[in-house]
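Next come two complexes, and both contain chain A; in the first it sits with chain B, in the second with chain C.
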Partner chain A sequence: MAYTPQYGPGTSVVSENRRKQMNPKLAFEKMRDVNDSDIVLLLGHRAPGSAYPTAHPPLAEQGEPDCPIRKIVAPTGGAAAGDRVRYIQLVDSMQNAPCHPYQRTYVECYRYRGIDPGTLSGRQIVECRERDLEKISEDLINTNLFDPARTSLRGATVHGHSLRLAEDGMMFDMLQRCVLDGGTVKYVKNQIGEPLDKKVDVGKMMDDAWLKANTTIFHSLVGTPFRDDAEYIEYVQRIHSLRTKYGFMPVE
Partner chain B sequence: MTDAVYPQCKIETERYLNPSTTEQILNKIAEIPGIRRIILNGPNIPQVVPYGPARGVPNPHSARGAIIVGGEEIDLRVQVGTILLELEDKDILPEIRSACESVFTTLTFSMKEGRFMRSTPTQTDYAKYGPNADAMLYGIVDPKNKTGPSILQGNK
Partner chain C sequence: MAKIERAQKLFLKSLKEKFAGDIAGTKTGYYNFDNLNQSARKKEFIAAGKKIEAKRGVSMYDPYRCHLGGLPMGQRQLMTYEISGTGTFVEGDDLHFVNNPAMQQMWDDIRRTVIVGMDLAHNTLQKRLGKEITPETISEYLHIVNHAMPGAAVVQEHMVETHPSVVDDCYVKVFTGDSELADSIEKQFVLDINKLFPAKQAEALQAEVGKALWQAIHIPTIVSRTCDGGTTSRWSAMQIGMSFITAYRMCAGEAAVADLSYAAKHAGVIQMANHLPARRARGPNEPGGIIFGDFSDMIQANRKYPNDPCRASLEQVAAGAMLFDQIWLGSYMSGGVGFTQYATAAYTDNILDEFTYYGMDYIKDKYKVDWQNPNTKDKIKPTQDIVNDIGTEVTLNGMEQYEQFPTMLEDHFGGSQRASVLAAAAGLTASIATGNSNAGLNSWYLSMLLHKDGWSRLGFFGYDLQDQCGSTNSLSFRSDEGCIGEFRGPNYPNYAMNVGHQGEYAAIAGSAHWGRGDAFALSPLIKITFADPSLPFDFSEPRKMFAKGALREFEAAGERTLLMPAK
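Then we have the complex of A and B:
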């Protein structure tokens, strides 16, 4: 019988959302339309329209050694062209953000090739070749993984994911990279805090009901409490118990 | 003889306050006679980007700026989330609560009574203020910051 991945335990809406995001057979829901050049501006790695700087010659010109693995694995577009490795880093508020760092890493590992994610408590960075990065960033910003108010692009000075929101509903950002302007959220700085020549509109912030229904983070005050998901607790306790006992007797 | 222990209270709001809301609540509080000290707590907002590739670049931020409280201009350097008050008497607590209720109409808030301000100097306080410092200064302003506290004209 063919193996069907389950992606994660749980019966709550949060666990269902986690599974939906991780499953590469399900497409993300498109929520907004930030264009390519705006994404390049937000990332701040190169000027929009400029050529991709390279770290090495294209693989076709370089002459690859005779290697069976290279014959099996096709290089990604960025690797084939010899692009530099660049990053995007996102911060997710604990107040019902649609995605969160661990979840992001799982999602990216299931869906993309040639990436190097780094997971921290409040932020998640993913590194890959520049042109691959721009495609991934498009997915991360334009789909249901992103909320303009509670998810934020922050390359540095990331503090804010665990704080209260501001009066207008925005997550605290010491550098105020994005502002609420005329009902929509606009980025005025790129991800590392350098001012942009033009504002980049990332659309309206999602309402509380949508966030509660689409979040992948448990929260006992503003969202779905972890304790309400008995199946998830049972799974976490089982893993914890096995890990603890493993050194002594690696059987259940 | 022991020093008098003054009652203190802490006001925490559900969300971080805009400078305009901070100005409103502080002006209401400043009108109440019998408040000795006010401390505004919240995450710091630096004037320039402190670290990272953009280090040293100016950092315009709508939550930082000058507010007018009791006719005095105060330079707001944090996004206010907690207000600590030291009172001369507990009797004014209901007045403070009603001031909060009149300003925080769209937010919930909590008001707690207890000890929230430092009463003894830290090593940094000692280095900055010396051995015979006024105890009123402890904890009232970030000792690493070069600026001092703002003094509002009393209304007693």
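Then we have the complex of A and C:
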């Protein structure tokens, strides 16, 4: 019998949102249209329009060994071209940001190939070949995984995910890489904090009602209390109990 | 699980002192704090850095140039911290062990301590050499060893010696479970168990020690700092041997001296920490080798607060976070300076205190555990269901408190800080409720999983690796996979890596015993040794001591200013 992924337990809207984001059969909701060139600017790895720097020759030119795994696994576009491995790192506010670090990692693992995610408490990094990264970044920025005010690109100095929001609704960023300007959020620095020659507009911040309805974090003050999703809690307890018992007496 | 009402929130005073305005509000102003100028300590650092630069001609502390290419810290409020349970507010910098002499002294006092039995030596003297051992000869020996241990000569002519004023923290006392013997030795040399411990604890400790006579030895701080923890037993054994030779008029070269040396260096010595394997390359009496049960007995809060196992455990968390996170992992192992920021979350602003006392209310309300009257009779059977219930409720309550008070979430601005605090509260509560340290550990790991799934975040790569696989080893007793909590330690597999765990694990091991009203967790000898009021660091009040250090009111030992030009 083929395995059918369930994408996690739970009866709450938070659980449902998590499942929707993870399930690769469901398309993300397109929310904004930051173009390719601006995404390249935000990432800060290369100048828009410049060639992709390479770490090795294209696979087709370098004479691959006779390897059964290579025959099974088709390289991604970036791997085939020999691109460098680069990154995007996003910080998610605990005040109902639409995506959160572990959720983001799960989403990426279900939907993309050739990636290396790293998950921390405030931020999540994903590394992959540069042209693949730019495509993934389009999803991460232009869809319902992103809110201009409560999700933010930060390569370093990421502090802010658990702080109160600023009075204008923006998540704290000591480098102020993006600012609320004329009703939309504009990046004035790239993700590592280098000033940009032009501002990159990532659109209007989402309102509280949308965030509450679309978030993937439990939160008893501004969203859905974890305590209210009894099925989810029972699932975590069950996993923990099974692991404990197997560790104590490792028999089937 | 079911939430219970608890009107008293111990962290409110701290949050109100730290943050202006509504501590439950979700928004605030930023970027207007005049960066480093908001902190007296940072301003002091800048002034000091400039002076040093002018004097030595090499640049130093220069945050306006070096921090983020010219953007200094302080775009948000640089918070002060209340050291939990003390009412003392300090700057974070004052809790770095380099800036806090009390923290240094706590570690110094452990590293420079060994416990050495006297019975083996007395047997040698009596049976092999026919010497008479009496309370009077023991007292005379103790006079001599208290002369010799700091570094003074006792046998040979024309010897160099140490200056008493730089080794004034070095001394030797003895203890025994035999009250008659204790009463007959000169008082200045005796750790009087009856006076130092509550009656019930004293009785239990005396029964454990029996008629044996032990020396609690503290070599000079300055020696163990200049050398290392492995020096302690060597230095001590050398002075013990010379003192026996003098006290009992032995021949300096006779073969029996080797027996005394062997007893003092090997057969009769209790190190505070085991030596570590080659890949960690540390000798005995270094922090990585202190097993958690022994550490529980170094900390004395259960002696001072026998009816508050929660307080006793929280004091131990603070001491452990400081030693294992800030000094051991933070500097010995990683070489970094940032671990303080993680570790202090567990002993500042009364946040862990509030979460754990909530747990106490919960076990009293639901399971009728009379935690303020610690005893073995009302401990709950540590079934998986009960541990799950306690761990879940304490964790959910803590998460909800962070959510309801956004300033508290801002206070603990890193996930590993919150993970340590939530899991510690869950672990300590289960441990105190059941009297079983492995049940406490199991509750810790459930808390981690709940936290991770509730907020979709936990610590960081290295931090939570051990937590995501921890459920499985918490009740395993197979070699290299598991162990009884009291026998685990900082070098236990999986524990040897990252900040924010070991102090809490140690306290979980201890709290199982404080919840039962035990006099000690693992070693009665260590418990008695660190009850000594002559030690510069008061092990019954680690948090108060850290506060004194932060306020620059703590006088550390091992000072060498006497030997340098006056400033």
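Note that in this section the second predicted complex is superposed on the first by the 247 of 252 C-alpha atoms of A that agree within 3 Å, B and C clash if a C-alpha of one lies under 4 Å from a C-alpha of the other, contacts with A are read in each partner's own complex, and residues count from 1 in each chain.
Here is the rule we use: a residue touches a chain if its C-beta (ideal position, glycine included) is under 8 Å from a C-beta of that chain, and two chains touch if they have at least 3 such contacts.
Remember, it's a predicted structure, so these values are computed and weren't measured experimentally.
Once the two complexes are overlaid through chain A, chain B and chain C clash, as defined at the top of the document. By the touch criterion defined above, A:Gly49 lies against neither chain B nor chain C after alignment on the C-alpha atoms of chain A. In the superposition on chain A, A:His159 contacts both chain B and chain C.
In the superposition on chain A, A:Gly63 makes contact with neither chain B nor chain C. Contact with both chain B and chain C is seen for A:Phe172 once the two complexes are overlaid on the shared chain.
After overlaying the two complexes on the shared chain, residue contacts for A:Pro195 are found with chain B alone; chain C is out of touch.
Shared-chain residue A:Gly183: touches no atom of chain B or chain C.
When chain B and chain C are set side by side, the one touching more residues of chain A is C. Steric collision with chain B, judged by C-alpha atoms after aligning on chain A, is confined to one stretch of chain C among 22-30, 400-408 or 454-462, namely 22-30.
Under the contact criterion defined above, the residues of chain A that touch both chain B in one complex and chain C in the other are 157, 159, 163-167, 172, 174-176, 193. Those residues of chain B that touch chain A in the complex are listed here as 13-18, 21, 43-46, 49-54, 57, 59-63, 79, 81, 106-107. Chain A contributes residues 18, 92, 94-95, 100-103, 118-122, 157, 159, 161-167, 169, 172, 174-176, 193, 216-222, 225-227, 232-233, 236-237, 239-241, 243-248 to its touches with chain C in the complex. Here chain C touches chain A in the complex through residues 3, 25-31, 68, 71, 73, 75-76, 384, 388, 392, 396, 399-400, 403-404, 406-407, 409-410, 412-416, 418-419, 442, 445-446, 449-450, 452-461, 471-477, 481-482, going by the rule given at the top.
Residues of chain A touching chain B in their complex: 155-157, 159-160, 163-168, 172, 174-176, 179, 192-195.
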